[in-house]
Every structure is written in C-alpha cells, then in structure tokens.
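Both complexes shown next keep subunit A, but they swap its partner, so subunit B is in the first and subunit C is in the second.
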Partner chain A sequence: MNELLLGLADDELVIGWRDSEWTGIAPMLEEDVAFSSIAQNEIGHARAVYELLAADADALAFDRSPTEYRCAPLVQLHLLEWARTIARRWLYEVADEIRIAALMAEVPVAAKINREETYHRMHAEMWHERLRDEPRFRSAVTELWPYALGVVLPEQRGELAARVGIDEVDAVERGTLDPSFRALHEEMTMVRRSAPAGARW
Partner chain B sequence: MVTEAQVWATLEEIPDPEIPVVSLVDLGVIRSVHVSDGAVRLELTPTFLGCPALETMVRAIEERVPEATVAIVNDDSWSTDKISAAGREKLRKAGLAPPAPRLAQGHSSLVQLQSQVHRCPYCGSTDTRLENLFGPTPCRSLRYCASCRQPFEQFKTI
Partner chain C sequence: MAAVEIPQDEQAFLEYVQAGGQVETTDWMPDDYRAKLIKFIEMHGNSELMGVLPEREWILRAPTLQRKLALTAKVQDEVGHAQLIYRVVEDLGKPRERCLADLVDGKAKFHNVFHYPTKTWGDVGVIAWLVDAAAIISQKALLKCSYAPYARIMKKICWEESFHILHGRDVILAMVTGTREQFELVQEALDRWWGPLMQFHGNPIPREEDPMFIWRIKSQGNEEARQQFLEGYVPQIRELGLTVPDPNLRRTDEGVWKYTEPDWNELKHVVTGHGPRTEERLAFRRRFLDQERWVRDAVLAA
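On to the complex of A and B.
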C-alpha cells in the first residue's frame, strides 16, 4: 500500500511541476490560469499523501535521489508543446480517476483528492472534446499511450484501455527514469538544497 | 477557564485569510472543539488540499486561542455544503457567488457547466456563463453575467 501511495504522491508532485511550466507562457490566458491552478492542486495532493507516509513531508518529497522516485514516466516527460501537453493531461486524468477510485475505500484523503480532481477531469474532457479529431492531438495520444498505461496497476489497464478507446500495449513502467527527469529533479530540489540549516517557512 | 462556547465565539471572529468576509465558522472548516481541564483541542479540515490559507488559519487560531492544539484532518468531511447559510449570504454580498448545493447539481461532473444553477451575485440573473473553471484561488471559477455584463467569481462546488 505504501508503495502505491508513494507512486501517487510522486505522480502528483511531478505532474504539478510539469504543468506549472506553462505558467506565464500558456497559449491563452485562461489556460495560464488553469494550468497554474491545477498544478497548485496537484502539489497540494502530493503533500497530503507525503504527510501520510512521513513525519517530514518535504524531506520525503525532496531529499531522495532521482532513482528513488516512484513516479510514472508519463508525468516526467518534458513536453513544452500544447497538443502533447493536453494529451498527457487527458490521459493522466483518466488513469488517475481509475487509480484513485480503487484507493478511496481505504485511504480517506483519496476521497478528498477525488472531489478536487473532478474539476481537472472536466477541464481535460473539454479539451478532449475539442481536439479529439485533430491529427496532431491523435498522434500525441498514440505516442503517450504506453506511458499512460504505466500510471495504473496491470489489473486496471483493461479499464483504462476501454475508457481511452485504444487497445492495450506494453506499458512504460514505473521505475523507468526519463532522461529529462534529472534536470527536473535538480530544479525541484534547488530551494531546499540551498536553504541555510534550520531555515523555516 | 475557557469554555467551548467561548472558543466558538472567538473562531467566529477569525476571518478566512483569502475571503475575509467569511469567518472560519461560516466556512465550516472547524470540525470539532473539545475543552477539558483548560486544554482546547480543535480539529480543522482544509477546503482544498493545496490551499496556502491553511497555515495562516492555524496561526490565527493559535494566536487568538493560545490554549488550543490544532489538528489538521485531511479526510473527506468538508464539502462546500458545509458553508453556513450566513456565510453564503456574506459571500454573495461581497460579489462572490456562493457554491451551488451538491444535491442541486444533478450530474456532478457537469455542475459548473450548467448556468441555470449559477446566479449572478450582483443582479441575480441566472443568464450566466462559464469563462474559466479555474480562478485566482483553488476554490474559485470565473463566470460572466450576460444580463448585467459583469464578470464574477464563483465558489466551486466540491
């Protein structure tokens, strides 16, 4: 169970970080606000789950080496391109809904996370409706599909495939480090590494 | 020695850090207050998990009720239905449309897309449309009133 929760928290932290890369440069103002707000929520979810797992959530979030993170490669990808970013948001939210639904009975905070995720799903679904027939979006979904499968457990992949409408393929599994993750890790941990000993916020 | 009623009365005077027209009690985030032998134990539920106002709330409580130990409860006990009737009216007066009750949503995933349940806080018209699901804080969406041509913030139903 702790391994599952750590994967969830790492996914939420890292996708929050990646989504925040659109702050200030999203193609339209509404999306600048949306991505910033979604990122804030996701990082809040990560913190709540880290707090379940450790007395010091920041230490768990930022004091590990890159190879110790359990996040799915889908969230690690550095995608400063809108079609692929939206494809990832949509695939991630569909996968995340399946994974969170399975945790809600046992983990109270998962039910709270689920309430907030409703808005992320609506946002992703609105974009999916708009772009579903666009060739660029479709090819981005196809490219990211093996990564999306890696977000959920093997027994949940049939459901994900049915929801997304693409046949199951080999997943890019957790534990695989995307080459871009080391640079992200440097950036994520920079403030904590440079803080003077005993500094508090 | 402090009583439970006194603690509640004090909490009613502590404003929400981001929406100061409502108090922590109006917002429904105080889950319980227990007083025994002069020690106060208080449970607080965050609205949204990523809301930075939580730390400010805890500090404000500790300042105003120095005997209090504040425990954060991250379960699913808070929803926007916990906002009191008085709190909803204060939000509306401040130009922030109160959240639609969860039961009025019908299909939960489409709540914020159905304009008929979202009334303009300025003119009362229901001829409003969604501009952005996301707004300046995690708890707010942006809407536009076609009747009085006024953009307004809508407290999200969760």
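On to the complex of A and C.
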C-alpha cells in the first residue's frame, strides 16, 4: 500500500511541477490562472500523502535520489507544447480517477483528493472536447498513451482503455526514469541542497 | 447611486476630478484623459504579467512544499490581476490582444524592477517582500483614482498584494535566522535590488507637474511614495540585521529621508526596453505567443 501511495504522491508532485511550467506563458491568461490553480492542488495532494508516509513531508519530497522516485514516466515528460500538455492532462485525469477510486475505501485522504480532482477533470474534459479533432492533439494522445497506461495498475488498464477508447498496448512502467527527470530533480533541489540538511527555509 | 452630472468640457472635467469626482466607463471624458488612463493602466497590467517571469523559474526551485505552494499562489494572483486590469483597459478602448501584442513587440512599458535577473532564492524573498511593498504603496494611491472601475479593482489587488508581502517577509525571516550563507544570500539580494527599488517610484517630479496626478489618476506624487516606502521599511530591514547599501541614507529630525540620488539614467534606459533581462523575457513570451497561436484560433473558431 505504501508503495502505491508513494507513487500517487510522486505523480502529483511532479505533474504539479510540470503544470507550473506554463506559468506566465500559457496560450491565454485564463489558462495561466487555471494551470497555476491545478498545480497548487496537485502539490497540495502530494503533501497530504507524504504526510501520511513520513514525519517530514519535505524531506520525503525532496531528499531522495532520482532513482528512488516512484512517479510514472507520463508525469516526468517535459512537454512545453499545449497539444501534448492537454493530452497528458486529459489522460492523467482519466487514469487518476480510476486509481484514486480504488484507494478511497482504505485511504480517507484519497476521498478528499478525489473531490478536488473533480474540477481538474472538468477542465481536462473541456479541453479534450475543444481539441479532439485537432490532428496535433490526436497524435499527442497516441504518443502518450503507453505512458498513461503506466499510471494505473495492470488490472486497471482494461478500464482505462475502455474509458479513453484506445486499445491497450505495452505500458511504460513506473520505475522507468525519463531522461528529463534528472535535470528536473537537479533543479528542484538546488536551493535546498545549498544549505546543510535540516536548515529552515 | 445618484446620477452625477459629468462636465462635458475639458476644464470643467479637470476641476471635477480634482475635487474628488469619479467617472465611469460610459461617461464622457476628454481624449487626453482617456489616453493617459490607457497608458497608465496598460503599464500596470503589463507589469503584473511581466512580474511573473522573474519568479516563475523559482517555483521549481522552491526549497519546501509550502514555499512552492505560496509562490505558485502569488504568481497566480499576479496573472489574475493582469486579467482584471486588461479588462479595464479593454473597456477604455484597447483590446487585450493588442496590449499583449504591443508588449511583446517592445512598444509598451512595464515597471523597472521586472527587467532584472533573479539570481538566488534571496532575490525571491526580496522581490516578494520589498518590491511588493513598494508596489502596494503605489497601488494604494490608486484606490481613490478618478476612474472608478480602476479604483474598484484596486481594492481586490491591494488586499491580495498584502499577502505577498507577508510571504516575502517570512521567506526573508527564515533565511536571516538561518545559516551564515542563508543570511548572506539575503544581504546580497538586498544590495542588488536597492538601486532598482529606489528608482521604482520614479523621479521626484513635483506632483502638480505630474499628468497622472493632475488628472487624479493617482493621488500622490513620486517622492511621497518613496518617502513612505523608506519610512515603513528601512526600520524593518535594519531590525533583521541587514544593511541598507546606501551610506548617505538618514532620517532628518523633520522625519524626511535623505538618500543618495538614484540613477535616473538607469531607470530611463531600463524602462525603455534596455534592461538586463528585457529582451530575453519578451522573447520568451513572444515564443509561446507564436507557438500556441493555433490554440487561440481553434478556441475562437469553436
């Protein structure tokens, strides 16, 4: 169970970071605000789950080596293009809903997270509706589909395929490090590493 | 609200706003007044938007989850302010798309402080604390703006900005009470930002000669704003054990702050688009404006 929760927290943390990369440069100001808001929720969810797993949520979030993170490769990808960003958001939200629903019975915080995710799902679904016929969006969905399957457990993949409407393929599994993740990790820990462990920030 | 008769000639209009009168979007207003409003408010919107860029790269580098959340929220507020402010400009006759295009084309201005690099996490603290403190002093002087729609949104903006200052002060406080290196990061950042901060409120032109004051777009002069900043923040800076990098800074017995003359040439050079990060930041926005044009086209076509 802890392994599953750590995967969930790492997914939320890293997608929160990736979403905040649109800060200041989203295609419209409304989306800039929306992405900041979604990123805050995701980071907040990560924190809530890290707090279940460790006394020091920051230490767990930041002080591991890149190979110790359990996030799915989908969230690690560096995608500063709107079509691929929205394809990831949409696929992630569908996968996340399936994964969270399975956790809700045993983990109370999952139900709380699920409530906030409702708005992210509406946002993702709205963009999916808008872009579904755009060739670049469709090719982004195809490209990211094996990664999306890696977000959920093998037994949940049939449901994900049915919801998304694409046949199941070989998943890009958790534990695979995307080449961009080391650079992300390096940058996200640089300030923290500049002072001895235990320093207050 | 009782209907107020807005004078329909320029001199009477001027007297009306100077007596504290306010106007609404649909009221008659002199062309010069409208042009000044657009210029002033557009620059404010641009500044909120460009103010996001010095901080954005530090969202990723924020050293704790709480700092990351606070910084993301702050930046989100700023984009939200830009959105509100551009709507006011739009009502005055200049569409948002044109404001954004003029901005990336280098035809429009934004505040001097957003043209500089953000070198360390110390800068992030100094920006959130002192740059926002300087900004809120200017913004509070807009709460009585003669253009009522702008005055109204300033209430919300000032309220949110006051949280940014608290966040900034907290970042600074954690660092000055931390390790020697953390303290040094703050002092170095203060040394870097002091010049731009002293230039921030503009040259000490008498308020009676400042068109923005004459039209009562703002309700205080540049030097009054700077004095208020020094009076409010120099004691706080010193209380934290930091040194203000100006050997001539002192408060007279009459309560007036004396300081080394800020570099007005630098201010002019920077705000006309020649700051150390101006071109890079505009190019960054331009790149994504161009790259994602298809998204706006797709949404508008729907």
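Before moving on, here are some points about what is shown:
Keep in mind that, in the parts below, the second predicted complex is superposed on the first by the 195 of 201 C-alpha atoms of A that agree within 3 Å, B and C clash if a C-alpha of one lies under 4 Å from a C-alpha of the other, contacts with A are read in each partner's own complex, and residues count from 1 in each chain.
Note that a contact is a pair of C-beta atoms (placed from the backbone, for glycine too) under 8 Å apart; a residue touches a chain by one contact, two chains touch by 3 or more.
Since the model is a prediction, treat every value here as computed from it, not as a measurement.
With both complexes brought onto subunit A, simultaneous placement of subunit B and subunit C is permitted, the two fitting side by side without a clash. Between subunit B and subunit C, C contacts the larger number of subunit A residues.
In the overlay built on the shared chain, the residue A:Gly198 is in contact with neither subunit B nor subunit C. Shared-chain residue A:Ala57: touches subunit C; no touch with subunit B. In the superposition on chain A, contact of A:His45 is made with subunit B only, not with subunit C.
When the two complexes are overlaid on their common chain A, residue A:Ser37 makes contact with subunit B and with subunit C alike.
By the touch criterion defined above, A:His123 lies against subunit B but remains apart from subunit C after alignment on the C-alpha atoms of chain A. Once the two complexes are laid over each other on the shared chain, residue contacts for A:Pro179 go to neither subunit B nor subunit C. Computed from Cα centres after superposition, the angle at subunit A between subunit B and subunit C reads 60 degrees (steps of 10).
Of the two partner chains placed by the overlay, only subunit C lies in contact with A:Gly24; subunit B stays clear of it.
The overlay of the two complexes leaves subunit B and subunit C separated by a minimum Cα distance of 5 Å. Within subunit A, the residues touching subunit B in one complex and subunit C in the other are 30, 33, 36-37, 40, 43-44, 47.
Those residues of subunit C lying in contact with subunit A across their complex are 49, 52-53, 56, 58-69, 72-73, 75-76, 79-80, 82-83, 86, 96, 121, 171, 174-175, 177-179, 181-182, 284-285, 288, 291-296, 298-299, 302.
Taken in their complex, subunit B has these residues touching subunit A: 48-51, 74-76, 78-79, 108-110, 112-113, 131-136, 138, 142, 156, 158.
Only residues 30, 33-34, 36-38, 40-45, 47-48, 51, 108-109, 111-116, 118-119, 121-123, 125 of subunit A touch subunit B when the two sit together in their complex. The touching residues of subunit A, counted against subunit C in their complex, run 17, 20-21, 23-30, 32-33, 36-37, 39-40, 43-44, 46-47, 50, 57-58, 61-62, 80-82, 130-131, 134, 136, 184, 187-188, 190-192, 194-196, 199-201.
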